[in-house]
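One chain, chain A, appears in both complexes that follow, with chain B as partner in the first and chain C in the second.
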Partner chain A sequence: MNAILVQAMLGLNNGAFYAMLSLGLAVIFGLLNIVNFAHGAFYMLGAFVALIGLTQFGGWIGVPDLQVNFWWALLLAPLVVGLIGMLVERTMLRRLSGLDHLYGLLLTFGIALVLQGFFANFYNTAGTPYPGKPEILEGVTDLGFMMFPTYRLFALVFSLVVCFATWFMIERTKLGAILRAGTENPKLVEAFGVNVPLLVTLTYGFGVGLAALAGVLAAPIYSVSPLMGADMIIVVFAVVVIGGMGSIMGSIVTGLSLGMIEGITKVVYAPASSTVVFLIMAVVLLMRPAGLFGRE
Partner chain B sequence: MNRWLWIALIVLGLVAPFVFYPVFVMKLLCFALFACAFNLLLGYTGLLSFGHAAFFGGAAYITGHAVKVWGLTPELGILLGTAAAGVLGLVVGSLAIRRHGIYFAMITLALAQIVYFVALKAPYTGGEDGLQGIPRGQLFGLIDLEQSLNMYYLVLAIFLGGFWLVARVVDSPFGQVLKAIRENEPRALSLGYDVARFKLIAFVISAALAGTAGATKALVFQFATLTDVHWATSGEVVLMTLLGGVGTLLGPVVGAFTVVSLHSKLSFIGAWVTVIIGATFIVCVLLFRRGIVGELAELYRKQFGGPRRPNNHKKLAPSPRQREA
Partner chain C sequence: MKKTIAALMTAAALTGGAAQAQISGDEVKIGVLTDMSGVYNAIAGQGSRVAALMAVEDFGGKVLDKPIRIVSADHQNKPDVASSTAREWIDEDGVDMITDMVTSSVGIAVQKIASAKGVITINTGAGSTALTNEECTPLGIHYAYDTYALAAGAVKPVIAAGGDKWYFITADYVFGHSLEKNGAEMVKASGGEVVGSVRHPFPSTDFSSYLLQAQGSGADVIALANAGQDTTNAVRQAGEFGIGRGDQQLVGLLVFSSDVKSLGLKTAQGLQFVDSWYWDMNDETRAWAKRFEERTGSKPTSVHAANYSVVTQYLKAVEAAGTDEGKAVREQLGKMTMNDMYHKNATLREDGRVMHDMYLMKVKAPNESESEWDLLTVVDTVPAERAFQPLSQSTCKLVKQ
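Up next, the complex of A and B:
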């Protein structure tokens, strides 16, 4: 029983990453009508910014003592990756407006391959451990009903806070209202004097920034590898198909619960743990083709 | 299709093994058939499958196992692989056609990942090593396929057969309905066509042919590996089709030749190949949406006239006869 509980909590932690990634995918899809295949690559990029910042960056600029610690990485990696994302949007994705949605998928797939291949040249595909886990997050915490690794707990709570803050921003603030209106009818919103192209760029930057943030949080747990994003994005796609991209809260709930189910499967029948999400997707497609929270 | 094109293809095919390394040409042909099968779906039905490696690699594993462990003859092995890929296509297709566009792509990708994990973890597949040492055997119990040239002409025959089948399907009334679905699905539906069934049949044909390609590849190289079922292979067949020209008959062949040659010529630069493949994707989508064959046809049209094709490739695979909206 306890083993199931531990795995469920660990899975929930993973599910929080799924939630953050599918959230970003949903926001980007809403405004740009692009399924961002490069999302996994930006997640990986986030983890690599943290790793490089800690171990190599100082050496590159001739100040070997400079180490960008975990807390700074948590702030800087999403910014750096968000900026790269905005550049990508401005120079490439923008030129696809009015074309078939599938072109967006193919273009971002190409971007994902370029990023992944680039890092695969310099870093071991088996993964490099991130050595910068903060000291206060070492060890385990007693949750009353179980012992749980402190860092995992922190990552879980932090991701949940970010997810709900995003939900609040989109569903409850003025900026979010403009964003939602832009999703419905960008022409009309532009007529009201909103700079929609800028909004699109910022949205893309924000979405991939979220992915990078998840990447930084994941770095101390898993090893940092050029392939970590590709493995992730396929699962997140399944999560998105299950939940539907129509609802922000739907993305969060689906991500969390699927992570948890995946964790529980590890105890119940381990060989199925890597495929359970895809199998659930197949079942959902049979029962509710539009997804649990979807509207097609 | 043009008779001269066929004659040229056959002559080139007959001569090729004396000019190039036969195994290399066989690899080209297998991937060309794979891309043609894929193009039937993307180019002529407008469905982007991101999981075609499951059929290609799945068939490779099944044929490999059948020939190696059960001792089937190569022709039966290939048939079995093809049939298995068709059945798998029926399952994946009937799930995936419940959604449209990008969702279709994501679903096929996710379902193909199940096949990948099965190939990785099942007891008969050899895990990380893949299935090694598949015997080529004797075709019909008579022709020794260990002889490189014999194997080559079998592969050529399979490729030409598959290519002919695709051309035939595209030109048939059935193919016309597929194109109608690609152009305007609601209209095809309102004309009374059972769109879902047509899509599913196209998916099964495409999956089965991809299986033929994979099964043949398994015999040529005498192994089936995880690369065959990996999502990167699914991506590569998309690139072959896109680069050669989506919705052109010859495009996938040209695209497959280009991508496979690129891989073999650039194998010395390691992971940079992935960067180049990715960059090719980007360039194709941004600047080059008609693909090599599509651009050449357009150039020819501009030079020598011919029916105007108001074809700006806003849709992934618009027909030459697409009307101006």
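Up next, the complex of A and C:
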């Protein structure tokens, strides 16, 4: 029993990353109708912004002592990547609005490959360690049933807070109401004096900002590598499909629970752990084509 | 075409010398088939191509008065991609020899295809002993290291130091299986015991689950039978959970200097493993590594050095055989004693295994390291006869038992 609990806890930890990434995807799909295949690349970009900020940026601008530490990176990386995302939305994605989903998918997939190739050209694909884990998050915390690395605990709690804050903002606040209305009927919302195109840009920026935030959180655990997003994105898409495309709560709950199921599979029959998510996806699609939390 | 060949043969007969080169396509073409974008890119990748080019330059750019050309391609660690590239290279581009082939599944597939078409493959990147056992071919050569050598060198000293009970964390594909099998056999032969193992999908990012299973197994030694980014992630995450610091010891069965660089000395210090070469072994290796670094920005791995050696020795064999025809060159290589900055007094066995010394390395502590790439010390030399599987155990059909 204890072993299962331990694995479930580890799974929850991975699930929190899935949740945060799929949440961004869900927000973007729900509000913009874009299947954002570049999401993994923005996750990778977030980790690289943190790494570069800590180890290289000071040298580039001639102030070698300047180091953007982990806490600042948590704030700045999503902002920087969010801005890049908004630029992408304004200059490229916007031109595809109204066309078939496939075009957006191809464009974002292309963007992902370009970003990945760009970083693979300058950085080691074996991964570079992120040396800036804060002192107070070193070591392990006793959870009663297991010793859990303090940093992972922090990452778990932090991402849960972010996920539920996002859900609250979209589902329970006035801003969220306008966002949702804007997707249902942009013409009508514009008639009320809301700048819908700006709203769309900001939403895309927010979505990829979330991915970048997940990237910063992942940096001290995994190596920062140009391929880290590509490894993640397929699972995350499965999460979104299982949860129901565009459902906010769906992606959070599905992300967390799939992480746990994956974790438990690693004890029961480890070689199946990379397949179990897709198996569930296939079953869910057969039973409920709109996903667990989606509406027909 | 037939006429040309006939004319050439007549000419050769008339002048009576093998020096009248029989070089197909009027140039010697060497293919570097490697991982240019995936998890093994840092171990092999672009660096392998650069090493091959350096060998051609040092050879003078010509063999038997014909130009030498290096071509390269990304096999994406996929046997199907690698196979179709190899076919195209051989059938349409006239490639005479293929090297690198990091990733065992790729190595096995390409070796089979090339041998059937009369083309030599010299594998420096893959580890599986299957290449020289059940999958051995007349023209397939396994050059640098293999899983037997990794296990042979690494297991004994650990058991001698008291690590009796072993647990394996294994990458779930042919290379991992081969490494686990060789490791487990070596453990048993040395008087140890295997208490369990877990197989993880290749590649993986999160190893915490496997590490905790290993921790709970009661093993003294947790052995990582994986490679590249899988190994570095596992070692780093073991550090997070405090695994490998107390009673349990963490052993990486296949580690490259680029992995140590990626981990950082603080995390990797004390890690022991076997490799065929390290840049800081003697003046010759240091000089070559310096030239390599000037071109690539990083120190070479053992696979890079092996690729340099492969191209050098292959060209010597072509020169001596007077042809680039696969069988003749293979025969010549089998007669040679190979000496260069990568290895000394190396020979080639009939199963395709190249015999040379291997080295047991240990990762330096941060305060012992004097520069960015000062990562390892060579603890011990494992002589070739002990390092590699004896021919008497070979299941290769070319070996007469």
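General remarks:
The definition used in the following text is that the second predicted complex is superposed on the first by the 291 of 296 C-alpha atoms of A that agree within 3 Å, B and C clash if a C-alpha of one lies under 4 Å from a C-alpha of the other, contacts with A are read in each partner's own complex, and residues count from 1 in each chain.
FYI, contacts are C-beta pairs under 8 Å (C-beta built on N, C-alpha and C of every residue); 3 or more make two chains touch, one makes a residue touch a chain.
Note that the structure is predicted; figures quoted are calculated from it, not measured.
Clashing of chain B with chain C is the outcome of superposition onto chain A. Once chain A of one complex is fitted onto chain A of the other, the partner contacts of A:L107 are limited to chain B, with no touch recorded for chain C. By the touch criterion stated above, A:S223 is placed in contact with chain C alone, chain B being left untouched. Contact with neither chain B nor chain C is seen for A:L32 once the two complexes are overlaid on the shared chain.
Using the contact criterion defined above for the overlaid structures, shared-chain residue A:V240 touches chain B, although it does not reach chain C. By the touch criterion stated above, A:A120 is placed in contact with chain B and with chain C alike. By the touch criterion defined above, A:M147 lies against chain C but remains apart from chain B after alignment on the C-alpha atoms of chain A. After overlaying the two complexes on the shared chain, residue contacts for A:P131 are found with chain C alone; chain B is out of touch. Touch criterion met: A:P271 reaches chain B and chain C at once. In the superposition on chain A, no contact is made by A:L45 with either chain B or chain C.
With the complexes overlaid on chain A C-alpha atoms, the stretch of chain B that clashes with chain C is 219-227, out of 39-47, 93-101, 219-227 or 291-299. Residues 117, 120, 271, 274-275 of chain A touch chain B in one complex and chain C in the other.
Interface residues of chain C facing chain A in the complex, by the touch rule stated above, are 37-39, 41-43, 45, 172, 198-201, 203-206, 208-210, 212-213, 216, 228-229, 232-233, 236-237, 240-242, 258-259, 261-264, 267, 298. Within the complex formed with chain A, the residues of chain B that make contact are 48, 50, 95-96, 98-103, 105-107, 109-111, 113-114, 117-118, 121, 231, 235, 238, 242, 270-282, 284-286, 289, 313-316. Taken together, the chain A residues at the contact with chain C in this complex read 3, 6-7, 10-11, 13-14, 117, 120, 124-129, 131, 140, 146-147, 149, 151-152, 221-223, 225, 227-228, 231-232, 263, 266-267, 270-271, 273-275. Across the interface of their complex, chain B is touched by residues 35, 92, 95-96, 98-103, 105-107, 109-118, 120-121, 230, 234, 237-238, 240-241, 271, 274-275, 277-279, 281-282, 285-286, 289-290, 296 of chain A.
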